[in-house]
Each structure stands twice: as C-alpha cells, then as structure tokens.
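Dropping the structures in below, format is structure tokens.
The same chain A turns up in both complexes below, where it pairs with chain B and then with chain C.
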Partner chain A sequence: MTLTQDPERTTGVRTAIEFSGVVKTFDPAAGPVLAGLDLKVADGEFVSLVGASGCGKSTLLRLAGDLTSPSEGVVLVDGREAAVARERRDIGIVFQSPNLLAWRSVLRNVELPLERTGASRAERRERAMAQLELVGLADAAGKYPHQISGGMAQRVAIARALVYDPRIVLMDEPFGALDEITRDRLNLEVRDLWARTGKTVLFVTHSVPEAVFMSTRVVVMDRNPGRIGEIVDLDLPAARTADTTATPEFFDAVTRVRASLAAHMGAL
Partner chain B sequence: MTTRERYAARPASRALTVPGTIVLLAILVGIWAGAIQVLGIGALTLPSPARVVEAIVEKPGVYLRNGWRTTIEALLGLGAGVVVGIGLAALVVRRRIPRSVARIYGSALMAMPVVAIIPLANAVFGFGMLPRVVVVALTIGPLMFTFALTGFLAADAGTDEMFRSIAAPRTKVAWSFHLPAALPHLMSGLRVAAPTSFTVALLAEYFGGSLDTLGTYISSASRQLRVDNLWGAAFTAFAFCAVLFWLAIGLDRLLVRRPAR
Partner chain C sequence: MTVDTRAPARTSPDGVVRENPTPGLPGGRRPRRDGWRVAAGCVAVAAALAAVWELVKLVAGLDDSRLPHTWEVLAYFFARTSKGDIEIVFLLGNLWVTVQAAVVGIGCALLVGIGLGLLTAKRPVFGPSLMPILVLSRALPLVALAPPLVILLGPGWEAATIMATLAGFFPAVIAVARGIREVPVAQRELLDSFGAPRRRQFTVLELPAALTQTSAAIRTVAAWAFLGAVLAELPSGTQDGIAAVVLAATQYYTYQPEPMWCAAAVVAAGGVALVYLISALVRWAARLALRTTHLPAGAES
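After this line comes the complex of A and B, so read on.
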C-alpha cells in the first residue's frame, strides 16, 4: 500500500483536478464538512472516493464541478478555477439520479447540452446518437424516460454527460439506486468507456468492490471533518473483466481498502 | 425510430360516458317537464323546457352575439391575467422577499370580492369594454400567479443542478425545464381560469356599459320578467363557459405529456 497525494510524482502526467487547502463549511455551528483537504488527480486517472456517509465525498465532487464553492482553499480543474472549467464545459457530471426530462425522448435528453451551442440540429442528432451507441442505447433513442429501466436511464445520463466531450467526468454514486446485476454490468461499461476515451474520472461510491474494480486509485476519506484518510494505489491489470473480481489480487485490494476504511473511521 | 413519439392516448371509456351524459340530461329534462305538469308551476316561476328551447330558437343570433361579446371580454381579461400572473411568478420565483410580497398581494386580490372591484373599475375606466377586461384580469392574474408559482417551485432541484453542470444559460433553463415542468400546474390553473373569466365578465356587465352583452341582456330580461329569455341566456352562458373549459382541457392534452395509464 502506498500513500501519495501527488499523481505527477508517480505518473509524470499533468494534473486534471487539484484541491489545495480546501475547507468547506455549510453551517458554522456544525463545523466544517471538509477541512484542509489536498488532493491531485492526474489526467486520465480513474479515482474513486470512498468513506462513510457524511464524510464529504459528494461535497468534494460538487466542488470540482463548481456546484458549490470552497469556504477556503482552491479547486483547480485543468489548471483553471472550477467555475471557468464548468463554463468551458470541461466537466461532465453524472448524478445519483439521472435527472432526465420526462417530456423529452431519450435522444432529445442526450441532445440537451448541445442546444444553444451553435451546433446544427443534424449535428446534435449525430453526436447524441453516437453517445447512445457508445452506451448501447441506440435502439431506445425514441423512447421516453418512463418507458426505460433505471439502469437505462442512468446510461442515458452518462451519454448526456459525455455528449459535449468533456475532459473530466464526475460521477456521484451513479449506480447507487440500481440492483446488483445491473450495477455490475454498468461498472463494466463505464470502465470500458473510460479505457476507450481516456477521460479523467472522479467517482464517488459507497461500495468498496466497485471502487476497486473501477479505479486506478481509491481515496479513503476520514470524517468529522472530512479529509483524505489514505490513498490506496491499485496494481490490478489495466484490462478488467467480470473475471477480475474473482482474482486473489482483487480480493487483496478490496481487503486493503476495507482495512483502511476501518482504520480511519471504524467499521462501516 | 421517431422522436415525435407521443404517449399512448388515455383509454377513455367514451362508449359509456357520452350516452350516459345524454341519458342523464334527458332524465333531468323529463323531471323538469313532469314537475311543471304535476305541481302546476307557472311560466313566470319556471317555464317548460319546450318554452325555453322556443325562446332560444326564436332569436339565436341575439344570444350568440351577446355571448360572443362577453367571450371577447373574458378572453382579453384571461389573456392579460395569464400573461401577468405567469410573468410575475417567473420574475419573483427565485427571489425570496419579492416572492413573499407578491404572494401577500396575490392572496389579498383573490380574497377581495369581485363585485367590490367592478364599480371602482367603471369609475376609473368608464363604461366600455376596458373596465370589464381589467376586472377579469384582476381576478385571473392572482389565480394564475398562484398556480404558476407552485409549478415553478415544484421544479426538481437535482435537474436544476444538472442544467448548471452543463453551463446552460438561464433563459435556456427557464424554457427547457422550468416552463415544461410547471405546465401541469399552469394547465390546472387555466382549467379554473377559463370558465371563471367568462363568469366574471358576465358579472361585470351587470353594472352597466354597452347593452349588447350577455350580462346586460340577463339584467334587462330579469327586470322585465322575461323568464324564458333568462333561461335562454343562462343556457347560452353555460354553453360558452363549457366551450372555454373544454378549450383549456384540449390545450392541456396538447401540451402536457402524461404517461399512458
């Protein structure tokens, strides 16, 4: 197990997301949710955040996506303030809930971020269809959100987040509400998407096996206040399949992350 | 594949509802005619259904022309009330203090008896069409404001964040999300507002003004004890109100997508 908070030292590639001395306080009486947090995510990495409820995982993700601002410290995305990166559409976010518009078809939901961008209707269609094909939903393009399953809806949300080709993708427990079989399948799909597109992914999850399967590094968070407890580098093979989860290396990695969680906040 | 795919039509059991309505109407008319015969009710108290039909058939143009003028006043006031009500709700929905102030004034206007406003509107705007349109707008505006505000506030916060994450301009968020999300509430408001606008216009006409409207016709028939004409006017008013209500329902079905049940 190695502890490193600077990917450039180990990977030699540039930093995609950087949290520097970040403090986030919602209610001064309750104290900070995040305190003195430093973390760097390298370009092209898949980093998962795990930790107990209330440790600030989602807040960290929201800071990177400029959905909230730090009380102190700096959040840089691609070397710019997170707000600038969001306005430049360098960031795509997949939320816990798919947040699809019920009155739009699947295709038109995916097209949404391309509207008012100067892209022609034909171009919007083409790019949205390409993303739907990427997530295996080309056949469902004409359906409406109520006509598709929860897993399909979340894949539509992923296609929508990728349609404007952001360099960085933030995923906040995107599969938390799905059944285990669907979740395992989507994990494989997202992992495959990441391998094909080379995007930087910051992924929040409550599931240790999911975090281990998906990631290049797992960030274990401490709580009260939230901060980095430990960063676990994973040495699993880059090409991962469903069989990966049955290997001794996978079990070993899961055990290490679980031990780290237990050490930092007690058993979950 | 088509992106114009619509939700399946609701399986309305029209096979039973339409004949059922007609049969019920026939029964009610039968009871009406029977009661006049059996109880010996005089024509000045309650004319027979045949006499009422006769009164309408005698001069259908008068009823239609008067009803149409009232409808014009109602629609102008309805339009103004809808635009102002929804527009004001859109302006204040994200501003806490203006929202609270607007809510107080909206509630006060809705609580104010409309008959109290009519003479005031006549005093300010004269006895033309304008004061009636103003009174209808003052009645419909707060109503639509309340429905619109509820609709805009019901917009899902998570979807709002999704729009923020894609850096959508505010006008885009309003047009693509807040307005469609509020549509069911707006259409519910319109269902109430459309027939109400006609009723309020009719009421406003009682207080004077041009004589070629349904309200002034009813007022005049009442003073002259032309009971059959009163009934004719009442049916005309009902018919125009019903048409406005059905138009609101039609617009609702056209604009609001609902999952097939």
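After this line comes the complex of A and C, so read on.
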C-alpha cells in the first residue's frame, strides 16, 4: 500500500490522464466539489475511483471527458487539453444509463459515432457488427432498445463507446442499475476487453469488491471537498477470473480498500 | 397502420422502455387478431348508438317528421336527389371539397407548426415572446372568425384552408417545441463524448424527437383542421362543402329530415376517416424518415 503513485509506473509509461491542481466549483455558496486534486493515470492502466456519494467521482470523470471544465487547474489527456482529446475522439464514455436512442436499432445505435466521419455505410456496419460480436450481442443487432434487457442495453452502450477505438475509456458506474449476477458477468467482460485491447480505463464505482476485482489501482476519494484520499496499488495476478474473488489476496485487498474508505469517508 | 391504443409501456428513468408490449413482434406492431377485435368493437358501438337513437325516439314519442328511424336515414343514402344524383355520391362529392381544404390546412398547420416550434425551442428570447400570441390563437373563437374571413376572401377553398390552418397549427407548434426541448441532456452529452459537432445534435436528436412528438400530436392537429374547414363553410354564401350541405338541409328539416342526418353522418364519418388516414400517413412518413420500424410513443397534446 502506497500513499503516492508508484514512481516506476508514472515515469516508465506515458501518462494518459493527468489532473493537476484541479478545483471544480458548481455553486460557490456550497464550496468546491473537487479541491486541489492531483492524479496521474498511466497509459494502459485500469484505475477505479471509489468514495462516498457526493465526493466528486463522477465530476472527476466528466472533467477527463471534457463534459465539464475545471474551475482551476488543468486536465491533460495524452498531454493535451481534454477538449482536444475529445474532439480527436480519443475518449469513449460509458454513462450510468445506456442512453440508447429508442428509434434506432441496436446496430444503428452502435454505428452512431461513426456517422459523418468519412466511413462508408458498409464500413460502419462492419465495424459496429464487430464491436457487437465483442460484447456478445451480434444476434441482437436488429432489435430495438425497448426489446432488450438492461444488461444488454449497457453492453450496447459499451460497444458504442468502443466502436471508434478510443484509447481512453471512462466508465461512470456503468452497471450500477443492474442485478449482481449480470453485473459480475459484465465486469468480467469489461476486464477481459481491457486485457485484450490495452486501453486506459477510468472506472467509477460504489462497490469496493468490484473496484478491487477490475483494477490495477484503486483511488479512494476524500469528500467535502473531494480530493484524492489514498491510492491503493493492487498486487493481484493480472489474469483474473471469477475464482480470483475467492482468494485470500483478494479478501486482503478488499479489506485494505474498505479500511481506507472508512478512514476517508469523514463525518456523515 | 394501426393507431396505438395500448397501455403505455413501462419506462425507466433514462427513457428506455424495458418491456416489449408485444413480445416477438418487431417494432411493437399490433397482432392482426387485435385489429379484428377493434373492428368488432366499432360495429358494436355503431349498433349501440342506433339502439339509443330508436330508444330516444320511442320514449320521447318523436314522430317521423322530427326524428326519422335509423333505417329510413340509411335508406335515404341511396335515394335520388333533385338533380338525379344518388344522395351518397352527392354527399361524398361535397365531403371531398371540405377534405381537400382540410388536408391543405393540415399541411400548412404542420409547416407553420414546425417553423414556429423550431423558433420557440431554439431561440430563447423568441419563445416566451411568441407564447402569448400562440395562446391567443387558441382563445380566439373560430366560429366568430369564419364570417369576416369569408367576406374577405370570398367563399371557397382559400378561406377554408386558412381556417383549417388556424385551427390546427397550435398542437403542432407545441409538439415540435416539446420534442426539441425534451431531448435529454444525457443524449447531448453522449454526442459530445465522441466529439460530434453541435449541428449533429439537431439532426440526430432534435429532429427525431420533434418528429416523434409530431406523429403523436397529428391526430389532434388533423381533427382541429377538419373542424376549421367545416366552420369556414357555415357562413352564408358558401355552397360547396359538406358543412354547407348540412346547413342547407336543416332549412327544410321539417319538410324532410333525412337529408340533414345523412349529411351529418357523412361529416362525422369523414372527419374520423380523415384523422385516422392522416395519422397513419404521417406516422408512416416519420418511420421512413427515421429509418425505423419502432416509432417511440410521444405525448398526444
């Protein structure tokens, strides 16, 4: 357990996302949501953010995705401003809700990011189908959002976020609304996708076991105001299966993150 | 296409309908069997209405010169008019005149609705300043508006079309404006997340939403426009049109009551048919424009 980032990781590999001195205030009367936040995420890392409700996890993610801009400080993605990265389509976001367009079929929902990008219709179709196959939904391509389950819808959302091959994927409690069994299965799939593609993933979650299972590092956040409380490095094996959750190492890591979280929850 | 009378499907907070109301049927189309049930229901309602008619006649003791029997009215549809035409042919010819004005009026109402709806939703200053005028157009008594319009333009399709437009455009404005305004922020952010330019929000999100809402409101628009076209024929001087025929028939009602009832029945049936036809046409066009088989349910205004 280290309190700062492992120097080897941040110096040896390129930095994908960097927050330095970030302050975000929505309502001046309520004080800043994030205050003096510093964080570096290296290329190819899977970093989870855990913390109490209202600690600014989602805001942090939205800052990285340039859906909102910092009040102070800078957010760099690939060494450039987040806005540049967003316009260059380096970032894919999976939101809390699947956000599918009801009048478009599953396939055309996944094709959406490719439209007006110079890709021909055949090419769009091919890439979207390939992505749907990756999330195991090739058979549902012709269905409409109201005809599929919540878990399937979120998988479609993942396919849509990956279809333009962004190097960085931001996930904001993507499976929060799903039942635990579906959630575990999707977590495995996402972890698998990450291992295969080597993308950088920033993952917001409420669940400590989920964070531990998925990540290379877990960021525990302080709240009021939100800042980095502690960064927990995980030394679990890289290849993780459902069995990983039954190992003593896993329990140990979960306990460490839980203790850290309790220490940083502050007064409720 | 069938008109959707199903109970609203369950919707989750993010607006994605989770339950397929008719499992296994793409696009939530209604099974054919239901179509037959609806048809049977319509026949039953018509029979019930005829029964009520005869009951009223019996209980109130109305003689045939005040309220004819239903079968007498039905028989009169096939009688010869003074000019030698069959009554139903003559009535349908006049209905066609009114329907033409109503259809052009519906088209104009949709155009005006789309234009004003876009302005209302997209120009923050324009919307609130336009709203009182829109409400005024609703508060105006259309019946009172018809005579001056007819005097101004002379009896004919121009006055009828303008009346139909005036009567029908308001729900279209609201539908378009609502569709655009109610595009979820989350969907706009989704487009932002993959760096889509702002104008894509219009074509990908706002236009489909406006189209969805307009297809939901089209029945209201069509019904009002038809009413507007009918009202335009009521001032004296108008000769063609089904409402003018109704009015003429009332004048010799005591002499022969059947023509008035025949004409009134044709107005009613014509209005209903027009509304359903236009609704089906617009929904078909909307599905075609969105390249979809599933048109999301919108709010009927």
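Following the convention adopted for this analysis, the second predicted complex is superposed on the first by the 258 of 268 C-alpha atoms of A that agree within 3 Å, B and C clash if a C-alpha of one lies under 4 Å from a C-alpha of the other, contacts with A are read in each partner's own complex, and residues count from 1 in each chain.
In this text, a contact is a pair of C-beta atoms (placed from the backbone, for glycine too) under 8 Å apart; a residue touches a chain by one contact, two chains touch by 3 or more.
Worth saying up front: this structure is predicted, and the values here are computed from it rather than measured.
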Task: Superposed partners chain B and chain C on chain A - clash or fit - done: clash
- [ ] Figure out whether A:G65 sits in contact with chain B (first) or chain C (second), or with both, or with neither.
- [x] both
Open item on the list: On the A-aligned overlay, A:I93 touches which partner chain: chain B = first, chain C = second, or both, or neither?
Closed with: both
Open item on the list: One more residue to check, A:L107. First (chain B), second (chain C), both or neither?
Closed with: first
Open item on the list: Looking at A:G73 after the superposition, I want to know if it touches chain B, chain C, both of them or none. Which is it: first, second, both, neither?
Closed with: neither
Open item on the list: Going by the contact rule set out at the top, does A:Y144 touch chain B (first), chain C (second), both, or neither?
Closed with: both
Open item on the list: Looking at A:G36 after the superposition, I want to know if it touches chain B, chain C, both of them or none. Which is it: first, second, both, neither?
Closed with: neither
TODO: With the two complexes superposed on chain A, say which partner A:A153 touches: chain B (first), chain C (second), both, or neither.
DONE: second
Open item on the list: Contacts for A:G176 in the overlay, against chain B (first) and chain C (second): which applies, first, second, both or neither?
Closed with: neither
Open item on the list: So chain A touches chain B in one structure and chain C in the other; where do those two contact lists coincide?
Closed with: 65, 67, 86-89, 91-93, 95, 97, 99, 101-103, 105, 108, 112-113, 115-116, 142-144, 146, 161, 164
Task: Touching residues on chain C, where the partner in the complex is chain A - done: 9, 12-20, 26-28, 184, 186-187, 189-190, 192-196, 200, 204-205, 208, 212, 290-296
- [ ] Over in the complex, which chain B residues touch chain A? Could you list them?
- [x] 1-3, 5, 7, 156, 158-159, 161-162, 164-169, 172, 176-177, 180, 257, 259
Task: Touching residues on chain A, where the partner in the complex is chain B - done: 65, 67, 86-89, 91-93, 95-97, 99, 101-103, 105, 107-108, 112-113, 115-116, 139, 141-144, 146, 160-161, 164
Task: Contact footprint of chain C on chain A as seen in their complex - done: 65-67, 86-89, 91-93, 95, 97-105, 108, 112-113, 115-116, 142-147, 149-150, 153, 161, 164, 166
